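Please go over the structures that come below.
What follows is subunit A paired twice: with subunit B in the first complex and subunit C in the second.
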Partner chain A sequence: MKRLVLEGQVFVRSTYLQYVALFQWANPQGYVAYKVLLPVTQILFFVELGVYATGRQNALYFALGNALQLTANAGIFGVIATVANERQYGTLPILLASPANRLVTFLSRAFVNVIDGIATVVIGLAVVVVIFGLNLQHANLLLLALCVVVISLTTAGLGLMFGSIGLVMRDAIIIANIVYYLLLIVCGINFPVSRLPGAVQVLSFALPLTRGVQAARDAAAGASLGQVGGLLAGELLVGLSWALAGYLLFRLLENWARRGGLQEAY
Partner chain B sequence: MATQPAIEARELRKTYTTTRGVFRRERVERAALRGVDLKIAPGELFGLLGPNGAGKTTMVKIFTTLLLPTSGSALVLGLDAVKEQWALRKRIGFVFGGERGLYWRLSGLDNLRYFADLYRIPPAVSRRRIPELLERLGLLGRERDRVELYSRGMKQRLHLARGLLNDPDVLFLDEPTIGLDPVGARELRLIVRELADAGKTVFLTTHYMFEADAICDRIAVIRDGAIVAEGTPSSIKTLVQDQGIVEFEVVGMPVERLAGLRSLPGVTSVAISEHELAQVVTVHCARPAEVMTQLGVILDGIRLEKVSSREPTLEDAYVQLIGDSR
Partner chain C sequence: MRLRVISPWAYLNWLVFPVLFAAVGLYVLSTPGAASSHVVYGVLGGGLIGYWSVAYLDGGNGIQDERWNGTLEQIFATPTPLWVILLGKICGGLLFGLLAFLPTAAFAYFGFHAVLPALDAGRFVISLGVLTLSFFCIALTLTPLFALWRWAFSMLNGFELGVYVLCGFMFPVAILAPWAQGVAGVLGPTWAVRALYASTLSEGPHDYASWWLATIGLSLAYLAGAYFLYSLVERRARMSGQLAMV
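And then the complex of A and B:
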């Protein structure tokens, strides 16, 4: 038990240090710029665009969808940037030549971004409540909170998958941009998935967020756990599958990087 | 019974394969190591000298498990760097030269704490060892400052502290004094020598001959991926013992004018280096007196300054060993 507590302390400390070390937003000014102003701007942009295209009555649909999609800010950008930043700072070879447990290292990278993702969505939802008057009187708030936690976990799972590519790719952050915008398009953030072509819908349901955002929309409308349980279970399964694939890819590419000495290219 | 080497390379080869071209991709192979054999005894401070691109860093990367060789074997403390990397990583330390490889937004202390966690050093041990290392490397008092506020020398000492966190039996140092001022470089050399005197095996790569001469027990010179000389610094110097050195300075001399010097009997190499506005020419030859008398004839019309002859140094031996490849 004592050993477990010690391991836990080490995990929390190294996760915190890694977060402060790698991200420019790990200070008050940076956090406000990256995690408050930037997300709020995104929400405002898409809400105004949506209102212009479909009318004021749909404002909350866009506002809620974009607030929830903010999990990808931490889950995709944050997780992919951890490996990309290690490469940029020249610490990737030290990390890869250390005897550190790869699974623990891998999970600690996602863990902090899950917390970060939840915080970002809370900020986004607060904006939606204050600016757009989202009425949460009839919402199942506990279930909505659960949905936010679940989609923060699942987007980080997808982030782990693409973050692994940073082991062998110099500009992995470009992948973060592509995936981030892909999620905006195909996951039911700004228009229903049912409006997408059939083949794209297959992709939608293979990605995190799609089921989670739907569940969160239902929870905001007052649905019960029984009504959205299937969606949340599916969302978790998708996220877990991406995380597992990401871990396997990480180990594979770690060996590949050893063959070519690619850890230091930046 | 013979002692097991601390570090051993057997027929070690590494070939990098890259592609070039966009539409018609062409595979390009470049041999970085061409069958290196090397044995380094426990407790030895071993220096590997060579020009840029000779294969020094490639060898360090293979021994530190970051790179797989194309063929041959690399053993450290009897452990195979390819197959037994997990066991090996716990017992070695490494430091790469330069300022990268640290978290600049963290303090020196937090850098060490983080790396101690990566190396799974028990908290009780790291709580004792980190202050010891900070003190030994002259960082105590500045340990809570962010690394971005450190001088280059302090960053390099922090690198060394990081490399020593796991109390390694073998330490690999890849050009650790690069870019340091003379005082900082000297301090670091003294620390490295102390580490070897304390029983650690040190594998040091460097460009600086005086560095190798000053602190290494044994050195090897690597050229184009192959070891061309190996021994103590004094034994390497004997390779050019029958040689003399003639040096002089000129200003604005066309390099082609050196061809006449190269063709003189007994001249083995002619090297030229820039020193502020002047060019310093170093001639390795069997009979310095003869060369000095011929200088005026061959370089007619060019003003020669500071003409002198002297005994060969380790750097001269190195230049002769490397000279032909440049």
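And then the complex of A and C:
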């Protein structure tokens, strides 16, 4: 029991330090640029693209999909940056030398970013409501909120997986850029997954967002928890699998980085 | 150019990003029932996005890299004018950025069998040249701002997709709200991009001379603004003493 309390304290302290670190680099201008301006312009770009291709009547399909994909902004970029920044600031060797429980340290990297991801989606959805007139009168709002929380958790799971690569790779944030925009193609954000080639569809359903976004679209149309429960359970399972794989990779690469002295390479 | 060849960021901007955007664009624009002319925006759109990203991002990153490497103060102190140093960085970026059209065109052709249906090669090349001039002038104007204010780069980076919207990189500006079209009208690349797309389509207006002149006129106006901006930067940088702050 005492050990559990101690681990809990490490988690809280580590989470707080992640928060401090996150908002140390994300000064007000940086936060506005990447958490407000970027989400708003991303939604505008893809909605206008969709409107041009398919007509104004489909604007909400694109708006909702892109607003939900914004969770990846924090879940992928934010989580990968927590490891990449340790390297940049020269604190990675200290982290790896600390006796703290690795699983606790690992999971604490995602916590603040999950909350930040939810905040980003709220901004995105507000934009969609104000600019594109998303009608949520018939929506199951509680279920929609649950979908947002689940998607934020699962994208952070994927972020933990790729964040681990930051232990041995100098420019891990490049991976974040690629994964973030790849999700726009393969997760049914701007067009149905069924239009992708078969092999890519398999990848789609092995990634977070695909089921979560579908569940959120259904919730926005008024579906009940019973109707989308399977999708959300699948989404959680996928996110958990990525987080677990990420943890295993983290342990593997930690040893590799230590042996090769890679943690100090910048 | 040599720095870009070894930079993974440069490859991300000219090779990976353009293809990813082209993929989304081509899938969305080739939706069953969509007009065939729409696909042209998917073929060229990714390339335009990559070209723009390299042109201004690499210029901006070039300055940030100097700051992080501790060499920005030396650049300001050297007898060579700042704009001459930036000229080299920007020209290298433009040359590298042009490569962005290669992977996107190949992806469109092999992945979607998409081609440019009525390509007027002469006007296409001139439009691309005029577009290059406008990117050059914008990059030359913006880069000193990145040297002066660290947040300027973050802001423009955050607004990057807004530029895609206002310049009509992947869909015509005509579909935007009237106020947005007004803002787009004062951006030089908007007119050059319009000419570029017109040179690949047989339908629609083809008022090339007006569009080219609008781009050239606006680009020269940016350069005039840049003249005053460089004086300001030279003065402010020495007064504030913040060049070395990372």
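One rule holds in what follows: the second predicted complex is superposed on the first by the 247 of 266 C-alpha atoms of A that agree within 3 Å, B and C clash if a C-alpha of one lies under 4 Å from a C-alpha of the other, contacts with A are read in each partner's own complex, and residues count from 1 in each chain.
Everything below uses one rule, namely that a residue touches a chain if its C-beta (ideal position, glycine included) is under 8 Å from a C-beta of that chain, and two chains touch if they have at least 3 such contacts.
The structure presented is a predicted model; accordingly, all values stated were derived computationally and were not measured.
> Regarding the shared-chain residue A:261, is it in contact with subunit B (first), subunit C (second), both, or neither?
A:261: touches subunit B, not subunit C.
> Report for A:177: first if it touches subunit B alone, second if subunit C alone, otherwise both or neither.
In the superposition, A:177 contacts subunit C only.
> Answer with first, second, both or neither: which of subunit B and subunit C does A:94 touch in the superposed model?
After superposing on A, A:94 lies in contact with subunit B but is clear of subunit C.
> Which of the two partners, first being subunit B and second being subunit C, lies in contact with A:135: first, second, both, or neither?
It touches nothing on subunit B or subunit C.
> Please work out whether A:49 is in contact with subunit B alone, subunit C alone, both, or neither, and reply first, second, both or neither.
second
> Examine A:224 and indicate which partner it touches, taking first as subunit B and second as subunit C; both and neither are also allowed.
Once the two structures are laid over each other on A, A:224 reaches no partner at all.
> Determine, under the contact definition given at the top, whether A:6 touches first (subunit B), second (subunit C), both, or neither.
Only subunit B; A:6 stays clear of subunit C.
> Just subunit B (first), just subunit C (second), both, or neither: which does A:21 touch?
A:21 sits against subunit B, while subunit C stays out of touch.
> Is there a shared patch on subunit A that both subunit B and subunit C touch, and which residues make it up?
Correct list for subunit A: none, the interfaces share no residue.
> Residues of subunit B touching subunit A in their complex?
For subunit B paired with subunit A, touching residues are 16, 58, 61, 64-68, 86, 89-90, 94, 96, 98, 100-106, 110, 113-115, 117-120, 122-123, 162.
> Which of the residues in subunit A end up touching subunit C in this complex?
Listed in rising order, the residues are 27, 29-30, 32-34, 36-38, 41-42, 44-46, 48-54, 171, 174, 177-178, 181-182, 184-185, 190-191, 195.
> Can you tell me which positions in subunit C touch subunit A when the two form their complex?
Touch residues, subunit C against subunit A: 8-9, 12, 16-17, 20-21, 23-25, 27-29, 31, 33-34, 38, 41, 151, 154-155, 157-162, 164-165, 170-172, 175-176.
> What residues on subunit A touch subunit B, complex-wise?
On the subunit A side, the touching residues are 6, 9-10, 13-14, 17-18, 20-22, 26, 89-91, 93-101, 105, 258-261, 263.
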